[in-house]
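Shared between the two complexes below is subunit A, which pairs with subunit B and subunit C, respectively.
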Partner chain A sequence: MSDFWWEVIDPIQSVLDGMMFGSIYALIGIGFTLIFGVMHKINLAYAAASIGGAYASLAAFQVLDAPAIVVFLCAAAASGVIGYLVYICCFRFIPTAMPLATLMSSVGMLILIDEVVVHATAGMPEPYPAMFDDVMIDLEPFWIRGDLLMIFALSVIAMGILLYILYRTRLGIATRAVAQQPSAAQLCGIGQQNTNAVTFIITGALGGLAGAMVGASVGILSPLLALPLTVKGLIVTVIGGLGSIPGAIVAGLLVGGFENVFQYFRGVTERDIYVMLLLFVFLTFRPQGLFGRISSRD
Partner chain B sequence: MDFYYGMAQLIGVHTLLGLSAYVVLLTGQVSMAQAGFFAIGAYLGGMLTVLAGWHIVPAMLLAAAASAVVATIVGFPALRVKGLMLVVATLAFGEAVRIFWFNFDYQIAKGNIQVGPLGGEGFKQIRYFPENGWSTGEVAIFIWVWVVIVMAAIWWMDRSRVGSVLRAVGEDELAAQSVGINLTAVKVSAMTIGGFIAGLGGGIYAHYTTHIEHLNFGVILATFAIAYPILGGLSSVIGVLIAVIFIQGFLVEVLRFMGDWRNLLFGALIVLAMNVRPDGLFDARATRTIRRLFGRQDA
Partner chain C sequence: MLELRNLSKHFGGVKAVDDLTLTVNEGEIFGLIGPNGSGKSTTVNLICGVFPTTSGAVLFEGRDITDAPSHRVVAAGITRTFQNIRLFGDLTVWQNLWVSQNSAAERGKGWFGRWLGGDRVGRGDAEDLLKFAGLEHRSGELARNLAFGEQRRLEMARALAAQPRLLLLDEPAAGMNAEEVSQLAARIKALRKYGMTILLVEHVMELVMGVTDRIAVLNFGQKIAEGAPAEIRENPAVRTAYLGTADA
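And now, the complex of A and B:
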């Protein structure tokens, strides 16, 4: 093989690793985008709720010593419950016409969830179980980390289930109806509040899985993970186009790969600057995002 | 007594930060970039007094002007988008500024020590006040003079034509546009004013803490910046001050005896406040009630 080939192997390897990790960003981005699609509101507590769910599932790991896959499912379930609580506390009773109030209440919830976690764990990072973390798949000349591959596979499965729910069930029809035209949906007998609540539970479960996979791939869980995950998830949402699920998926993989390759070239302290630059490039040249429609709605 | 002066300093600086977000919020824009402008003001102000040996007032004004210029430059692309997109764009900008200072080294020897910003270790030894023999009380007064000037300026602006234009854009962009208001000009001007005030606050902050680092200017500070006007209500500058006193004075200091539980209560109280008073603690109705009370006393 030529020298040039050896030069590019490592960057390509880091793009691949980053894209697999990026599937987590995609899940978080889908959550933001779905809630935005249905309510036209931004739920800033979402990533914190995901990490919170992962923490709750630690109980299953530490007390019951359950296998990793059960722990992941517990995280999804716990996060669904937290998602419902967030909806009740921050969105249910605040008038729809006040976007600032719900923005602020979800920030309050973000701080609250973070602090509950810090309080419960005394601020110490906790080890989190992973699957296949000792497996290395050798695809000459690349390596694929088993745990990252597992994360990628689980994300794909979760996205598949979500798309099935959205496009093949009555629940999904109701959700999409409310997203398109809330008052018309209500006239057809679809309860808006119920649909909103269900959306929060479903996205919560998705987020919980994402939180668990962050824990699994990093090896530890820390409350410090919530804010960076929020920022990355929001960036993914905007790059993918607001309200677009395929957009969030593509943007998640894009941001993941992009971030990892810049980490390879420029180091961990500088890599996020380039992600922000990517966002600004999109905002300047394609403000509606990859798959978003141009609309005046905000 | 020093404790109360310290509180007064903190509340003063955070009021400036809140006021900077207030001006931008009047036009209906949620800017999470205020912490970034605050950081620019802090670092530049500190560098001008420590490295260039300037007097603090011109240093602060120049640093604030630099923040305002950056705000204008950011304003043009960022304000093409609205709502959630703007929140994310400004959030990303603020984070980018923080990471920039995280990677920024510029040190010179002064006497036998190295001074200047040093990446992750931060910018130590911004000792303008102690070197010139200012007492804590004098610093507190200095800060509050600035706060009063800025508050009075915004109060006056709010009651003038400019304020009406800003509010018109915030209430209904389409209606504002149809009476001939140039939306971009108004939004970018508001952003510039906000950037200037945040830079001013940052300049003061750097000097009274004497040590700044990039972690001080993260998402949490940006959140606080917009929390003050939203929590206080957008009907008057007084709301910002009330919200700062409520958060920094009441939630942080008075509840200190609760230890760990204070932080838990902090988030919960914000959630509760927004549920009970979605228009802010000090909303338009409260303003009217107070006016009526004073009216009765006059009569």
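And now, the complex of A and C:
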């Protein structure tokens, strides 16, 4: 093969690795975007709740010594419960007429979850189980890391289940009806608060899985994971277009790929600078995001 | 069946609905008419719990549903259409009906059966409604892509999907041509055969006069007349209220 080919293999490899990891960002982006679609509110506590769910699943790992996949599912379940609590505390009783109030209450929840985690673990990182982290699949000239492939596969399965619910069940259709015409949906017998609560539970479970996979990919859980995941999730949501699920998926893979290729060329300490610049490029030239459109609802 | 007792709604100093008392009997098609801004739509919104009443009460089948949240009003057996169409534009025609099914049988299925049961649930009912609305060939189309008349028909079918006992039609003929209005009248008469009670809020006189059993006339939020269509037509107070409006 030519010299040029050898020059580009490593960057391509890092883009592929990044996109597989980016499926986690896609999950978080979907969570932000779904809640925005249904409530027209940003839940800033979302990624922190996801990491919180992963922490809760440590019980299954440390006490029961459960296999990694069971630990992940426990994280999803715990995060679903946390999602419901976040809804009750931060959104349910705060008047929708005050958009800043729910923004602040969810920021407060983000910090609260962080503080609880720091307190419970004395601020020390905890080991977290991984799957297939010793597997390497050789696809000459590329390598596929087993743990990244597992992350990607689990994300795709989770997205598949979510899309099935959203597009094929009455629950999902009702959720989309509320997103499109909240008052008319109520007048068709769809309880808005129930729909909101279910949305928080489902997106919570999705986030818990994402939080668990972040822990699995770095081998530890740390309170320091919450804020970067929040920022990446929001960037993915903005780039994909607020309220667009396909947008969140594409943007998640995009941000993951970009992040990793920046890391390859410029190092881990510099990469997020470029990710942020990417955000500004999008906000300037395509503020509605990749799949966004001007929303029309009453 | 439906009873409004001294119902009032004030927006600041404006008395949109002022001490309104009326009764709609079971199986009746009741017309609510009045000039623009006379409080017709506000009355519908009060019945449906869109915004809180200032004073007075709404009773349905003897139960007090004053200020009940909208989805409870639907569960009690009242559904409505909107003056300005509010379909779920990004859902298909069929999904618009499916998501609104709210019969007692539906509610008896339990949470999982009802919400995660897949789209075979209630398909037969929805197909009957599609036929009723003349939309059977449009079932898979997104609601936003329907023509205006089709959207109006879908809204009515959607309101019926919940199997209400009382149907509120808020200016269903607005923007329709004469032929569409006569089709609408035929549909309303067909519903009467099924024993549906209907409260028809309308501007278009030939429709109201043609299909209703009784009519109440609002002006400035107050009821100024009530009676059979023929009596209303001859009522001098009604003529005064409508004088100068285009459709009187």
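FYI, the second predicted complex is superposed on the first by the 294 of 298 C-alpha atoms of A that agree within 3 Å, B and C clash if a C-alpha of one lies under 4 Å from a C-alpha of the other, contacts with A are read in each partner's own complex, and residues count from 1 in each chain.
Basically, contacts are C-beta pairs under 8 Å (C-beta built on N, C-alpha and C of every residue); 3 or more make two chains touch, one makes a residue touch a chain.
Everything numeric here is computed off the predicted structure, so don't read it as measured data.
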Fit-or-clash call for subunit B and subunit C when the two complexes are aligned on subunit A: fit
Broader residue contact with subunit A after superposition on the shared chain, subunit B or subunit C: B
Partner chain in contact with A:268 - subunit B first, subunit C second, else both or neither: neither
First (subunit B), second (subunit C), both or neither touched by A:168: second
Touching partner for A:280 - first (subunit B), second (subunit C), both, neither: first
Touching partner for A:185 - first (subunit B), second (subunit C), both, neither: second
Apex subunit A: angle to the C-alpha centres of subunit B and subunit C, given in degrees as a multiple of 10: 90
Partner chain in contact with A:135 - subunit B first, subunit C second, else both or neither: neither
Contacts of A:177 with subunit B and subunit C, given as first, second, both or neither: second
After fitting on chain A: smallest Cα gap, subunit B-subunit C, Å: 19
Residues on subunit A lying within both footprints (that of subunit B and that of subunit C): 298
Of subunit A, residues touching subunit C in the complex: 165, 168-171, 173-174, 176-177, 180-181, 183-192, 298
Parts of subunit C lying in touch with subunit A, wherever the complex brings them together: 48, 50, 69-71, 73-75, 79-80, 82, 86-91, 95-96, 98-100, 102, 114-119, 121, 158-159, 161-162
Parts of subunit B lying in touch with subunit A, wherever the complex brings them together: 25, 30, 77-78, 80-85, 87-89, 91-93, 95-96, 99-100, 102-103, 119-120, 218-220, 223, 226-227, 230-231, 260-261, 263-264, 266-271, 273-275, 278-279
Contact footprint of subunit B on subunit A as seen in their complex: 36, 42, 89-90, 93-95, 98-105, 107-116, 118-119, 227, 230-231, 234-235, 237-238, 242, 269-270, 272-273, 275-277, 279-280, 283-284, 287, 298
